[in-house]
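Chains: A, B, C, D and E, in written order; residue numbering restarts at 1 for each.
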Amino acid sequence: MQLTPKVKDILSWYESDNPGTKGNLARILMEGKLGGTGRVVILPVDQGFEHGPARSFAPNPAAYDPRYHFALAVEAGLNAYAAPLGMIEAGAASFAGAIPTILKVNSSNSLANAKDQAVTGSVADALRLGCSAIGFTIYPGSDDQFGMMEELRELAEEAKAAGLAVVVWSYPRGGNLDKVGETAFDICAYAAHMAALLGAHVIKVKPPSEALWLDAAKKVYEAQKIDNTSLAARIRHVVQACFDGRRLVVFSGGEAKGTEGLLGEVRAIHQGGGSGSIIGRNTFQRPRAEALKLLADIIDIYKSPAG
Amino acid sequence: MQLTPKVKDILSWYESDNPGTKGNLARILMEGKLGGTGRVVILPVDQGFEHGPARSFAPNPAAYDPRYHFALAVEAGLNAYAAPLGMIEAGAASFAGAIPTILKVNSSNSLANAKDQAVTGSVADALRLGCSAIGFTIYPGSDDQFGMMEELRELAEEAKAAGLAVVVWSYPRGGNLDKVGETAFDICAYAAHMAALLGAHVIKVKPPSEALWLDAAKKVYEAQKIDNTSLAARIRHVVQACFDGRRLVVFSGGEAKGTEGLLGEVRAIHQGGGSGSIIGRNTFQRPRAEALKLLADIIDIYKSPAG
Amino acid sequence: MQLTPKVKDILSWYESDNPGTKGNLARILMEGKLGGTGRVVILPVDQGFEHGPARSFAPNPAAYDPRYHFALAVEAGLNAYAAPLGMIEAGAASFAGAIPTILKVNSSNSLANAKDQAVTGSVADALRLGCSAIGFTIYPGSDDQFGMMEELRELAEEAKAAGLAVVVWSYPRGGNLDKVGETAFDICAYAAHMAALLGAHVIKVKPPSEALWLDAAKKVYEAQKIDNTSLAARIRHVVQACFDGRRLVVFSGGEAKGTEGLLGEVRAIHQGGGSGSIIGRNTFQRPRAEALKLLADIIDIYKSPAG
Amino acid sequence: MQLTPKVKDILSWYESDNPGTKGNLARILMEGKLGGTGRVVILPVDQGFEHGPARSFAPNPAAYDPRYHFALAVEAGLNAYAAPLGMIEAGAASFAGAIPTILKVNSSNSLANAKDQAVTGSVADALRLGCSAIGFTIYPGSDDQFGMMEELRELAEEAKAAGLAVVVWSYPRGGNLDKVGETAFDICAYAAHMAALLGAHVIKVKPPSEALWLDAAKKVYEAQKIDNTSLAARIRHVVQACFDGRRLVVFSGGEAKGTEGLLGEVRAIHQGGGSGSIIGRNTFQRPRAEALKLLADIIDIYKSPAG
Amino acid sequence: MQLTPKVKDILSWYESDNPGTKGNLARILMEGKLGGTGRVVILPVDQGFEHGPARSFAPNPAAYDPRYHFALAVEAGLNAYAAPLGMIEAGAASFAGAIPTILKVNSSNSLANAKDQAVTGSVADALRLGCSAIGFTIYPGSDDQFGMMEELRELAEEAKAAGLAVVVWSYPRGGNLDKVGETAFDICAYAAHMAALLGAHVIKVKPPSEALWLDAAKKVYEAQKIDNTSLAARIRHVVQACFDGRRLVVFSGGEAKGTEGLLGEVRAIHQGGGSGSIIGRNTFQRPRAEALKLLADIIDIYKSPAG
């Protein structure tokens, strides 16, 4: 496989990683309809853990079967598929080689009070299942944040030594943070930056709102006139916060929403220089044909010239 | 031993497991009177830990002797026998090869306040005792749920690598859950799904009630018209929540109850597509002959064409 | 050494243990004046840890020297001597081969508030000191009970793999238990049963009182007419709770008491089928000659035909 | 490379270290414009973790790119560059051999309530990235201080065995300490001394204020007439507290401040016998040319004859 | 080196230790002016950790330099020198072979609220630094006492396997203990006994006061007429509590006090059969000549025939 100059350039950002990890990043970046463009669309299916099976799959019951998601990701021409242990185990052999997979190695659920997650998979699991990366969530700001970061440190060290890539879901939550704080502009950029400092290869955050939350940060954002008036501008700042754009930064779709709202968000991500979308509920809860149409439209946006 | 097409099909669900684990699952599925049907009846004897010896065995004092349960499971033609370390050690050599065993590796007791269990056995124990699987209880919703899931993760990884199967008792308990919540329809399906996501080969839950507990889930169950009006329908949904029926799901008998109530429950499990029953107190607390009769009746139900 | 049929029968109860562990159990069972009878008298000296040196040894100052206890156990013709690390280290070489020793690997003290113990010895210590077994205390019911059981699990696994025997002191304490509960009939049987389930070879409990403590248990004890009117009857039930008598169950002497009270208790243990006595303060706090006389009387009871 | 007599003398202070560690200390001491003088200026960039990306880098956006800091440190002729994992990974290959690096292996953030840090890097990371040292922060006085010291102990032992140097940021914080206490004269000297006792090769503290905080210490400072009237005198005492000046002690610049204030502080450090400055925000938040000018002025001070 | 009969006798107390540990005990017992007498004087310098540098060293500033203490111990003809990691590292090569050293592997500080210590050194450190023993503090009675004892257990096992000796500082503190309790006669004897049970070779306690603290102990002390009227009598009982005098028991000097008070205390220790003194502040806070004179006087007392 001949890597494109764009992908070669992205790999150069990860200058301290071994060829194994670079190879797995390349595998993700070269896969599917966006292969070689430096943009990615990833299908994550951990909502069964987070919200329960019926809330996740009843709107489209075919999605109860783990193989549905592998097949959807392959047919839609996505870059990768991310899910917890059981979901990957249930299709990894059938779809071996068909699509890069990301083993999500920690998860929370709707019955929990603590702002924490359980570690539910390992690097050894990722290797035996042929995954290209592990995925890990941190909750910056939560009372358990240091413990989560230390779990990530240990897993990431092991993953990198084994030639895997590391994808970090950085979701501010808990502690002093209220609902506004969780998606505030400064907090989102801070969360993304911390994921980069922790050694993530790919950083997943939510699209930031206009709000500024930490007083000390607000002063700087205002003094330095950091533009928070459009989503594209905010995306651009979050990407800048990730080593001046030298890390892959993908944005989640968040709650199921209307197609137009979603595509508008994707356009802003694209315009702001985001690396792509990681989008679950908005796809697998629709009938398969609609999901494929939506993913094709998203991919078309990322293929178009940016903003 | 020639595996039946049904068992071969079930083994195909576990496509990421090694031949050792598949062999142990096959051993359980091919054993006893239901051997080859894809249905199972398992004898679990951990009530001594949970409720104490007299509450468990005084109604039928022969059951104080661990060898009684091995012999009962063999004579009744069951698929497997599950018990804590001491119970297995006390008969494993005498009954080596006579019946697949499941080492229950964690346990709670009636003196505990915490909604947690102590880890009381290991994979090394299971291997030296010739067991086919380990059994582990999680309490989704409890304050200790993440710790329990992490213990399971570690033990399950080790068990799978050693060619053992993993049976998960998923019993919602503690935290915000009240008594209704513990067996509510949505919560039971959620607990079963989480066990599947954690990589369980066999999932044990309680038969769900009609109640819907989480508000966010209730909306979806009503909007999607998920049938909660019969036990068979509820069983069918729980099985669907386990990877669309691609995991073995067995149901506990719960408190000792009348024979007719019990058989009715078994019929509903059978009709709803459950994989079988795991039934303790209702058998070993009866005189041996009655227990054998009851187990024969249960097995007959599972052998009959499903509703 | 020719094992007696009685000892051979006892060893058959431990059918899953390796020859090393069976050999160490045999060593204890064949030692001293009760050697070969299946009954045992063991000298435990951990009161220095539990109550302090003066409360333990000032009544008989020769007992401050650790070698005193080795010599007493040997001269009295006991089956084994149990003590914490420092006590064993101080005499293990001088008395190598003279008497089986049990390394008590956890201990509490009178300054503690928590119902827990510190782990103070290891399997490696037991091996280098030539011990036949490790001893470990659990406090069923305490807030720390699961942690204690998990420490036991780990140490017991290691001990069994190394061919050592495992003796468990099962002392209900803490949590919801009051003073009555700690020695209540149902609780004592429950504690003994849990030790058996945890894989103990030898179970040490206190002689149970008449009280019934857990409501749910009380109903069963009354319904099943379990005899609690004599100590011998209660002993019999505790022994039954230990795998129908297929585990060695020894009873502690408890607080120092009059000779007649003590011998009466021993007669009841013997009559009820207990495996013997583990008796400390009542011996080493007396002048040596009196202690030897008392131990000889106890041994005579255990040698007589059981009630 | 011919070591200067001054550097050879400093290395002699570390008489128990292996040649690997001495070599890495020499590498730092011989690097840059101060090479061989026994004084050092180090660039630390962990403010992104501590305060967030915009507060750290928005005043000089070129600093968002991790390579900016490597280049700045090289061009300014500094002795070393210290940063968290992600920052080092992003430039370690490009700048391999160009400047000694210190991997900062723990970090806190502005969203945390606990006075603690997360361990975010390892000795294995430092080795694979070609670093000369690890850096670790302790918070003497905090509720988590013992845990932090134990993490340091473990990492320092591993680092020293691997031939790396150990730099300790010793910042009193939390527990009974108020804002005055955090920088009080006695507390600062105490914190520096504890870092020395913990085996640090290089100790980083804040310049102490005049305040005396612990009553018991205050009495001694007054009785012994320890001079607290000038910063140079206070620096001299802190250096004395580090094994009578036989450890490298560097002082942080603290909050961004005016150029003159900063240079005055540096003159006092120099006059008091401090080993140098570790200075971040005051450099990388200025335009590059200004930062280079400032660093050249600081270096000139350290090159001049002391006080 | 020809061991004296007295030292040979002491070594015989440690009959379960390997030749490496016996050799290190012999090294300490044969060193210095008391070499071969069975008595020891040890210099401990951990006050910098406990109280801070100025409170420890400002009265005699030469003592800021770690080499001062090595030299003082050597010149005074002491048996050993004990200090934390950094202090030992700073002189271990210069004084290699000149005096046995004891690495103090845990420490507290005056900023701590918890009655606990941080582990700050390891057996590997002790070995690479050529130490003869590790030193460890426990706080019997504190809320963290079990954790501290478990840390000691692990370190002591490792130290003994490596041929090192184990010195335990047993200082009752925290929990229910008030200031009177910390040095009460019964509590001091209890603390010393627990150190012996934990496997200490050398036990360090404070000289006990007349007070009796635990009610249950007080009854026994009064009934058994244990003499608490002179310090010598109390020392004798503490020594008896350490395996009837078959462990080395040394007493700390405590707070700096007048020379006569100190020498009187030493005479009582000698008269009561204590093994010697471990004395820090009272020596290194005096001018060197005075310290050497004082130590010579102390040594003379221990050389004289005991009371």
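Quick note on the criterion: a residue touches a chain if its C-beta (ideal position, glycine included) is under 8 Å from a C-beta of that chain, and two chains touch if they have at least 3 such contacts.
Keep in mind it's a predicted model, so treat the numbers as computed, not measured.
**Student:** Spell out the chains that contact chain A while also contacting chain D.
**Tutor:** Of all the chains present, none is in contact with both chain A and chain D.
**Student:** Under the document's definition of touching, what chains do chain C and chain D have as common neighbours?
**Tutor:** Per touch definition, common to chain C and chain D: E.
**Student:** Could you report, rounded to a multiple of 5°, the rotation needed to superpose chain C's C-alpha atoms on chain E?
**Tutor:** Superposing chain C on chain E takes a rotation of 70 degrees, nearest 5.
**Student:** Taking each chain's centre as the mean of its CA atoms, how far is chain B from chain C in angstrom?
**Tutor:** 36
**Student:** Averaging only over C-alpha atoms, locate the centres of chain B and chain E and give their separation in whole Å.
**Tutor:** Taking the mean C-alpha position of each chain, the two centres sit 58 Å apart.
**Student:** Which positions in chain D touch two or more other chains at once?
**Tutor:** none
**Student:** Reading around the ring from chain D and passing chain E first, what chain order results?
**Tutor:** Moving around the ring in the direction of chain E from chain D, the order is D, E, C, B, A.
**Student:** So in the complex, which bits of chain B are touching chain C?
**Tutor:** 48-49, 51-55, 58-59, 61, 64-66, 84-94, 107, 109-114, 116-122, 124-125, 128-129
**Student:** For the complex, which residues does chain C have touching chain B?
**Tutor:** 13-17, 140-141, 143, 145-147, 149-150, 153, 157, 161, 172, 175-177, 186-187, 189-190, 193-194, 196-200, 214, 216-217, 220-221, 224, 226, 237, 240-241, 243-244, 246
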